[in-house]
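Each in structure tokens, the structures are laid out below.
Heads up, the next two complexes both have chain A, just with different partners, chain B and then chain C.
And then the complex of A and B:
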């Protein structure tokens, strides 16, 4: 068991290294840093003109409102490019000519695949960590001190799970595909799938039926909205404590969540589907 | 040869790809040492190697490698744990160094003790002559150096069986000699199956070989036996005016000299032709076999 765990972490470590050296992830992360910096600066100027920030809201309470506007753009970049990058992972093996060698090795295919997914996730997490740091610095310069705990929670509950889903699902779904082009197409489909979910949320078209739970918004996105709701409630409490009157609050954010039992029952299925696809492929490959 | 010691036992093995019959009822037993599998391109060598490596399932028949049936999932897994494999078209991750690549493969071979793994990688890098370039990215390596990395990865984990498919294709003579010597060294420790269409590779290092053509084994034995088949059919034919040898003679080589053009030919020359008998080489024996079947 220990040996398998060591093997898993070893594979993940090399996948992480490969992801960073291929530059695609680096370019994506740089794009995110730039996008978020511009967004933060833009919202800084906009807030000086229009928002209630000038009315004396404490700086730490500004996290979510300040950041979430530019995060929509960051999400868009992630949804468009990250699935394509991740989907290429296994088809690239074929292009490099290492696939046959890997198939001849005694590593259990399931362990090897899980290691690859973990490696991609580690790369994405490291990249997003860098983006979060850069974004925090920009936010600090533009708006003043940030509530770092809430800021980290905001990341942990929104862009991070979304990025993990996008990269994991696209890698697994593209695993059986023969070439990079087909894999990229699978990545695009995963991106569109998540985009559809977010578009539904942004238009506040939330209908709480079990059948909707099978669609996007996805399970991890639900988690993001749960955490966002916590932040929103926290923010409202702070603003209310200051006695500030504002017209910017919409409906209660908890209403955006689907019933918890539905999420618990059906949400994980959305993550299991890509695993199932990849697992069936591995089984087929071993017996052919 | 003592068949009880056979490392590989193949019976009635066939593999079809749609209408293409890559292997046809192959029967073969391979013992310890270095075994050469020779044949022209498309003869079925790689298909046979891939079946033995557990990468391909036979359509019919059986193949037991080190006692494991490679047509079952369990057998394939067992064989892979004992195998070192160098595929015909080996690619490497261009963004890793040789040391990193070998370390990665060692992890996949379940060598999880990090210090032991690093030591083994270093020893193999030295053995294949890449210690000095070990920390350079693989995209900077020449074809020969990449082949050596391929050999090194196959040797990781001290395999009981080494399958190398066309290891010297495209290499310069110096690299080929180096690789051949390396494989010969390995044959003292484990069974090596060398698949190639370059006869010279086999003649220098194998004491047991099979020739495959059209998916069937058409010769099995010692290289001496193959050479013997061409004895009495190999000639030097010299022409002063550069005229081509008569139809029916296979030209093995041509040497243009001041005295005329000297051909090395296989076959039965016409009466009165200016020929002198020559001791055949393994290449002559192979070509004669290909010609006569």
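And then the complex of A and C:
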């Protein structure tokens, strides 16, 4: 067990260092920090909530990112950037000529694959942690005190699962592809599939039918809606306590959403499919 | 009689390296898009306009990205200048995606005869040139095709979903809107928008081979020396 764990952490550490050296994570972090900071400082002025605050009313303890609309920009960057970045992880081994080296390691191919996914996830989580801190600091300076509990909940429940899902699914689906170009194009497709689904089709209907549950973006959509609804309910309660009328109508009330356990189970289940594809491919390659 | 410079071109190899399947994929996506939009004439010209620029941009990033080209050192040592290879592959890519887009434009016109051919072509040609230019230049600057593809995809999505909002807030940014609609603005402004995108795209495409021609840069020798 200890040897297994050592193999897993060793491979994950190698992948994390590789991701960092390829500069992709740095660009992702810089892009997110810039987009969230710009959203906080400039775009929030266009928000209905911002004009409500500008009338001189006391500001409820509300997360600045939700009201500024910069969350959508972060979603855009993550959905389109991360799948392309993660997709080339395994095909890159063939270009660098280290595929055979990996195959000759004493670690089982399944462990090696899990280690690579964990390495990418560790890099993504570390990057997002830095972005969250920078965003919280900008929000604190621009809009005053934040409700840090709600803020952490928003990250943990929306952008973090999105990032983990997209990077994992993209890496695993691109595993059998022959080169970087094919992998990057597959990443583009995964990104557009997720982003377009979230941006258009799912916005019209939130009913979770069995056939729609198979569609990966629905998990992310449901989770995002659940969290924003909790925040919205919180916001409405605070506004009501202040006795102020507001014209802003937020997301769907959380009572209309699907049960939380179903939502939470869907994401990992949907990630199992690409994992199975990649694992079967590795097995097939091993027996050739 | 074939001129000697024609025989020096490596079209067959370029075609092999560019590959046919991404073009087939974009053709399939356009066919599906046109089938879904058949009942909405206002959506028909948008199908080619949306799919072709993304397909061209994402593919252009990888035509000759230094980091994704293992035999680059060999290419640099050969008597044929490396930028030739870049131009050849780019022209093959433009020919493939352009053919699909042209056929799709004619099909679009047969389904919705109210639009002119020039307008349907202008819809996809200008953003394709711009995104292709951005992708290929970013790939040469960073030496990695993946960054070119990332930038092109990000620009494509942000302009598709936020281009109109951008213009409503900052109207002076009209030359940057990739998906400006002909009916949404004055004809002269629309023509200027298409011309500016085309010029910027071609300018970036022209700049990329110059970066590639710098051998030390292409092989990352100066950075490697700095690291030592």
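Methods note: the second predicted complex is superposed on the first by the 236 of 288 C-alpha atoms of A that agree within 3 Å, B and C clash if a C-alpha of one lies under 4 Å from a C-alpha of the other, contacts with A are read in each partner's own complex, and residues count from 1 in each chain.
As a convention for this text, contacts are C-beta pairs under 8 Å (C-beta built on N, C-alpha and C of every residue); 3 or more make two chains touch, one makes a residue touch a chain.
Just so it is clear, the structure is predicted and the values come from calculations on it, not from any experiment.
Enquirer: Applying the document's definition of touch, where does A:24 land relative to chain B and chain C: first, second, both, or neither?
Expert: Only chain C; A:24 stays clear of chain B.
Enquirer: Is A:185 contacted by the first partner chain B, the second partner chain C, both or neither?
Expert: The answer is second: A:185 touches chain C but not chain B.
Enquirer: Is A:76 in contact with chain B, with chain C, with both, or with neither (first, second, both, neither)?
Expert: A:76 contacts chain C only, not chain B.
Enquirer: In the overlaid three-chain picture, which partner chain does A:3 touch, first (chain B) or second (chain C), both, or neither?
Expert: A:3 sits against chain B, while chain C stays out of touch.
Enquirer: First (chain B), second (chain C), both or neither: which does A:85 touch?
Expert: After superposing on A, A:85 lies in contact with chain C but is clear of chain B.
Enquirer: Which partner does A:150 contact after superposing on A: first (chain B), second (chain C), both, neither?
Expert: Once the two structures are laid over each other on A, A:150 reaches no partner at all.
Enquirer: Name the contact category of A:116: first (chain B only), second (chain C only), both, or neither.
Expert: A:116: touches no partner chain.
Enquirer: Shared contact residues on chain A for chain B and chain C?
Expert: After superposing on chain A, chain A residues 22, 95 contact both chain B and chain C.
Enquirer: What residues of chain A sit close enough to touch chain C in their complex?
Expert: 22-24, 27, 46, 76-77, 80-81, 84-85, 88, 95, 179-181, 184-185, 187-188, 191-192, 195, 199
Enquirer: If you look only at chain B, which of its residues touch chain A in the complex?
Expert: 50, 53-57, 73, 76-77, 80-81, 83, 85, 87, 89-96, 100, 103-105, 107-110, 112, 153
Enquirer: Mind pulling up the chain A residues that touch chain B in the complex?
Expert: Listed in rising order, the residues are 2-3, 6-7, 10-11, 14, 17-18, 21-22, 95-98, 100-107, 112, 286-288.
Enquirer: For chain C, which residues are in contact with chain A within the complex?
Expert: Touch list, chain C to chain A: 19, 22, 25, 54, 58-59, 61-62, 68, 70, 142, 144-147, 149-150, 153-154, 157-158, 161, 169.
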